[in-house]
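Note that the chains are named A, B, C, D, E and F in the order they appear, and that numbering of residues resets to 1 at the start of each chain.
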Amino acid sequence: MQDATLDLFARAGWKITLSSRSYVPTIDDTEIECLLIRAQEMARYVESGALDAGITGHDWVVETGAAVEELSELIYAKQRLARVRWVLAVPEASAIRGPRDLQGKVIATEVVRITQDYLARHGVQARVEFSWGATEVKVPQLADAIVEVTETGSSLRANRLRIVDTVLESATVFIMNRSAAADSWKREKAESLILMLQGAIAAASKVGLLLNVHRDDLQAVLGVLPALKKPTISALSDPDWVAINTIVEEAVVRQILPKLKAAKAQGIVEYPLNKIVL
Amino acid sequence: MQDATLDLFARAGWKITLSSRSYVPTIDDTEIECLLIRAQEMARYVESGALDAGITGHDWVVETGAAVEELSELIYAKQRLARVRWVLAVPEASAIRGPRDLQGKVIATEVVRITQDYLARHGVQARVEFSWGATEVKVPQLADAIVEVTETGSSLRANRLRIVDTVLESATVFIMNRSAAADSWKREKAESLILMLQGAIAAASKVGLLLNVHRDDLQAVLGVLPALKKPTISALSDPDWVAINTIVEEAVVRQILPKLKAAKAQGIVEYPLNKIVL
Amino acid sequence: MQDATLDLFARAGWKITLSSRSYVPTIDDTEIECLLIRAQEMARYVESGALDAGITGHDWVVETGAAVEELSELIYAKQRLARVRWVLAVPEASAIRGPRDLQGKVIATEVVRITQDYLARHGVQARVEFSWGATEVKVPQLADAIVEVTETGSSLRANRLRIVDTVLESATVFIMNRSAAADSWKREKAESLILMLQGAIAAASKVGLLLNVHRDDLQAVLGVLPALKKPTISALSDPDWVAINTIVEEAVVRQILPKLKAAKAQGIVEYPLNKIVL
Amino acid sequence: MQDATLDLFARAGWKITLSSRSYVPTIDDTEIECLLIRAQEMARYVESGALDAGITGHDWVVETGAAVEELSELIYAKQRLARVRWVLAVPEASAIRGPRDLQGKVIATEVVRITQDYLARHGVQARVEFSWGATEVKVPQLADAIVEVTETGSSLRANRLRIVDTVLESATVFIMNRSAAADSWKREKAESLILMLQGAIAAASKVGLLLNVHRDDLQAVLGVLPALKKPTISALSDPDWVAINTIVEEAVVRQILPKLKAAKAQGIVEYPLNKIVL
Amino acid sequence: MQDATLDLFARAGWKITLSSRSYVPTIDDTEIECLLIRAQEMARYVESGALDAGITGHDWVVETGAAVEELSELIYAKQRLARVRWVLAVPEASAIRGPRDLQGKVIATEVVRITQDYLARHGVQARVEFSWGATEVKVPQLADAIVEVTETGSSLRANRLRIVDTVLESATVFIMNRSAAADSWKREKAESLILMLQGAIAAASKVGLLLNVHRDDLQAVLGVLPALKKPTISALSDPDWVAINTIVEEAVVRQILPKLKAAKAQGIVEYPLNKIVL
Amino acid sequence: MQDATLDLFARAGWKITLSSRSYVPTIDDTEIECLLIRAQEMARYVESGALDAGITGHDWVVETGAAVEELSELIYAKQRLARVRWVLAVPEASAIRGPRDLQGKVIATEVVRITQDYLARHGVQARVEFSWGATEVKVPQLADAIVEVTETGSSLRANRLRIVDTVLESATVFIMNRSAAADSWKREKAESLILMLQGAIAAASKVGLLLNVHRDDLQAVLGVLPALKKPTISALSDPDWVAINTIVEEAVVRQILPKLKAAKAQGIVEYPLNKIVL
């Protein structure tokens, strides 16, 4: 998560530099001091006020029970700050089919409290063991089931585990200490940071499209463009033609570009973006 | 070739993901299933219909004699999908000066059929030995000459080999199975893919240029720009000035930029492109 | 410095290719031949005319006393061609507080002449020992003080050294042989090269901003933009709106983007640049 | 610790093979099944009987309070299974000088129970926070002191921390489940394993010395050899000479070898050992 | 196979040095010139007399049908020159249970001739396709079955393939050209090489054991030692004791060492070996 | 040279540990303090008495003109502390055939003084330029000839350079400050160090041979063994047999082992050595 976070800040406009001789990074903003702390510990230190704000997973806010404010999700799919699920998983051949089958079993997990809450919701009693890592190797020798985090499930499948249920959905969140959030200067600073982070996140999955079109073909071309945001149409020196500049999801370009060509758009150019605030 | 191909698809808009636990990559397009196959084998599997389409070298289509349709060359110079030559090469000190001197000699090569066809065209008889790789080390101990692929010849020169003749020119090609090419849906899908791949290829060697120019200097500035494609000229709020947006080969920027400045263009900006469909 | 220089030339439009089998790189410009030479030796070979021009540090021009022409500084902060200082440094606990305290001491350094000139300026006599590297380890066992290059001083601090004085400030410079500089073709070629290198350097720390704004909000939005260069304002097909395209320092985006949004700018997009000649 | 343990088993005569596709290693002994488990978790699983025996640190036996039998220490200095200390450490400039100064402070550590026991022994109350790692970066921003493991203290010094007190000494231990230890077959198997592991450990810091000596010089030579174990003296075909074969600590060879030469020993040869059972 | 072969030669006493600038290695024996050639091609070049001798797999001798003399197997388990099998494998869910089920199917393999011979032996007709590598990915999309090499089968299982039958067993072999083998000098040189290679191979899995024993315990101790080879028993200066020096398989040390100790052997030392010729 | 030196000390019995946070290594001998200094600078610091002793090349003693005592050569062929030559080299096609042809030329080298002395010995005047490295690339563009260090000449040949003459032969040497060498304690310590270093060097190219032989075959077997040092012949419990233990050059084992077998030696075992003082 560290590299993804540093990359995200860099794209947002803050350069955080790690030193091989110190664990305290430097940041090129005299209004901010920062520390690298594990996601698991962040919420607790933000709650206690040792830190004003932090980036961690929603799951760890729940697991630690920290009373902090979650200001914004930061779903940065390009760089592994994606949405994840904590799932109940068992060996492919296990008889466990649902939470009820856990009665009296041993469950290994990094999120003991989340798992206990889940069991309580289903009125089931089981032993939950804290796992320091490599949880998926603990079944079946050391545990009957695990509660483990997954994005696509492929790592679990590769270990021949079967997902039984989703225990908690989570995403990266920007959290604030409650007192700090009530301080207007700190709040505004945090909002600016989030605006830039979201601007960088938005840009990572989008691209700019430039194209020229004869006024006769304008409606046809506009019909092809997604309705995400009104495109910018500018006058050219040749009054019969206009230029269109628009922002689209990178993933749809391969669908609309052939249609744009068919609709007689000319000089179609896709260019990369750093940040977007629409 | 694998990395270059994956990179090209990524630029074209398709994300192909390799898994360390499986040789079947995933692609983010539900209409496509893909396999990673060596260039040498691709044409045969496309010919048999096991695959509808593939990307390989023209050389391997010839070598395997596969009856497939070559839809488009994909010359992606930036990432090693460049045009190549299979050449006849001999040690610097060899007496062999042309194909006629091969009579009765031993030739090592990865392309046995192409080499035999070449010998037949020159009416020469020689023994052609299949080489599994490191062909250039086979002369003079194990063979008298080799037929080897080269882009610039520098690797051959470094091995103190002399190029005698070009046997076959080749480039990366998009091939289709003949039945699949006759299926209108598959053909259209392939054409879209090629459009996007060519769009990405075109963008890789080109850049966008933005500049402002006073109307008095417009003709002088336009005279400097390459005639590749009519530039987009747009009106500015100051009616004496126009903005020009144009696409040029990256390689010529260093020549035209000093001239643009001399012609009084202002605010000249070069920006990168993802795709171009002119 | 080599990687930074090659990267800078690549961004400027010249591709220099190193070969694992030769120390003479190739460059894709038939008017240029190039050699990779250590910064320390460059000035001397440019002075003697073995080379027409070179890129080295101002410090090495001074150290070698080479009579060359310094045409332009190339401060390329993104890639380590930054401005540096040669400093006099001593162990934290040393009694040396200024140049006068060096009388009779031993100083280790890579820049013997620069150090001797510095001592002469302060009327101090001391033994200056040439150090082949790892100079900071030489105090206190082998020397009383060192003269060493530093950018931020952090490496010196990590070695528990204290900076006493700045001996020389330096930056990367483009130098020319005096006769070559008097040759108009060579001079012009050098100027073109510098124009492109500076264009690439300028672009590395800047970005493009595109935004749409209602004519009623135009003055407010323009008030937020830095006065670096007049922004390009273009007419849109909707006469009430204009589009603004401008170049700003990347480092200020995080400050002005929230203000642009507050001033009702819409569709704000930041995009990367390759080169700028304003 | 994993590599050191695998290396130790390899030297002892058991080859444990990790697979990139599975977390369950294979071992070339049909009487043993093995699992790789973190040191922190080992004692608990041995206590519960999920495992019959394990290798972990004495510290983790204490921290988890697991009721297991510690059969043997395995101090394998060559490969990082050395004796370690958990120490109370504070920033160099801290006012904390002893356990009493911790009253009301925040202590970050991976060993919460060990730290709480330590505080209780000194009648001090303080908040102990669980740290997931990088504990030394937590002072002074997030904690007033830490309890951290160290071998030589150099990492703590490098972080400018001062060691205040030793909280617990620890070493790698071979532990057994109590029921398993009472099973004679399992106990004997464990004893054999320990014998071989200790044999490999002993050999890692010792070497063999072979030398010839004239009977007249025998007492002088024997006087130089350490009294560790009676050397093996064998008859040679020349009755005036004997050969000595002995095992000595590698670290003392540099001291005794010059003395052996002075005492007229001849043909002195030092050779490496795999295992020793004296 | 290359690293294992070079390592084996190094252990046998010949240093083969690869150069980054040449594919022809140097060897420190003026009577030998050597070339690095792929295992697949070796037999053919030895057959033709371009080479006098070579090291390759028995499988490639069979596949190429080369008429060469196989002088000795070189089973070097420590370094991957192990015994291997070419097996017929199919997807886990395939209906193919034996060679008869292959009728009319497609088989992908690197060993086309071996596979065709196998089919002929079973009176089955199937299409055999040459595979350039990554053969296990070819089922089920491109082939119905594969013939692939395996040592333990684990890679096949990881690809969810089922082994149906063994097609050919193979091992590394030292081969000679028939004329060269009839030349007494070359034959003797080859025999010396093989003697040393086998000496290094034998030593790789064996160790030396030294121990002292009282004459009263000698029979008991000898009873524990494997009967591989009569141990060397030497007289000590103390006539009641003897020293035993013997060579045993490394894999059995862990079994006999506890027994030796129980039989009152003293000063037991295991030491490594370079070569053995018993 | 650093790795080779550390390795040599480790084999000799001194463990020198580098720290990533300090350039001053630690050594496990309280009587020694050590520093890592470049070979080029060592002699000067030993001469000045900043260091009592050092390991460097004889070439750098000559180049710096340092008045130090050279106690012993350390030719450690296994680990790159080999004997080397500084040679005069020119491009293959150069007209320079001997030192006389250098009159008026430019010579690039790292050893300016050695080169000037060489020129003076031949009564030739030429410009000698100090080269900071990559000297072989300096011809023909920047220099007419170079004086460069080489072990086998292969790097020079690869650069298409021709060796004209040997300027200086050199080897690694153990040097001492003259006052320190006159101090009996320091001198003795240095002699012990050299004894152990030489013991480790000798062992690196030698091995031990153990073999049993019937008394009837003893003379034949002894006739095969090199006369390097009288082998140790020990009595076995079977009076008809003796055991031989001897030290031989590893490089000759491949020659004598077949002969030993032919002479009826039995149970031949080659084992590795750590140190030898014969």
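Rule of thumb we're sticking to: a residue touches a chain if its C-beta (ideal position, glycine included) is under 8 Å from a C-beta of that chain, and two chains touch if they have at least 3 such contacts.
In this text the structure is predicted, and so the values were computed from the model without any measurement.
Under the contact definition, chain C and chain E share the contacting chains B, F.
Path length between chain A and chain C in the chain contact graph, taken as the least number of steps between touching chains: 1. Using CA-based centroids throughout, the chain positioned farthest away from chain D is B.
Each chain's centre was taken as the mean of its CA atoms, and the one lying most distant from chain F is A.
Under half of the residue numbers found at the chain D and chain E interface occur in both copies, marking it as a different-residue contact.
Comparing contact pairs by residue number, the interface of A-B is reproduced by A-C among A-D, C-F or A-C, since over half of the pairs coincide. Centre-to-centre separation of chain B and chain D, using mean CA positions: 59 Å. Averaged Cα coordinates give chain B a centre that lies 43 Å from the centre of chain E.
A straight line joining the Cα centres of chain B and chain F is 51 Å long. Shown for chain E are the residues that touch two or more other chains, namely 21, 158, 234-235, 271-272. By the contact rule set out at the top, the touching chain pairs are A-B, A-C, A-D, B-C, B-E, C-F, D-E, D-F, E-F.
Within the complex formed with chain B, the residues of chain A that make contact are 154, 158, 207, 210, 212, 234-238, 243, 250-251, 253-254, 257-258, 260-261, 266-272.
Interface residues of chain D facing chain E in the complex, by the touch rule stated above, are 12-14, 19, 21, 28-29, 191-192, 195-196, 199, 203, 208, 229, 232-235, 242, 245, 247, 271-278.
Taken in their complex, chain F has these residues touching chain C: 21, 23-24, 35-38, 40-41, 44-45, 50, 129, 131-134, 136-137, 141-142, 158-159.
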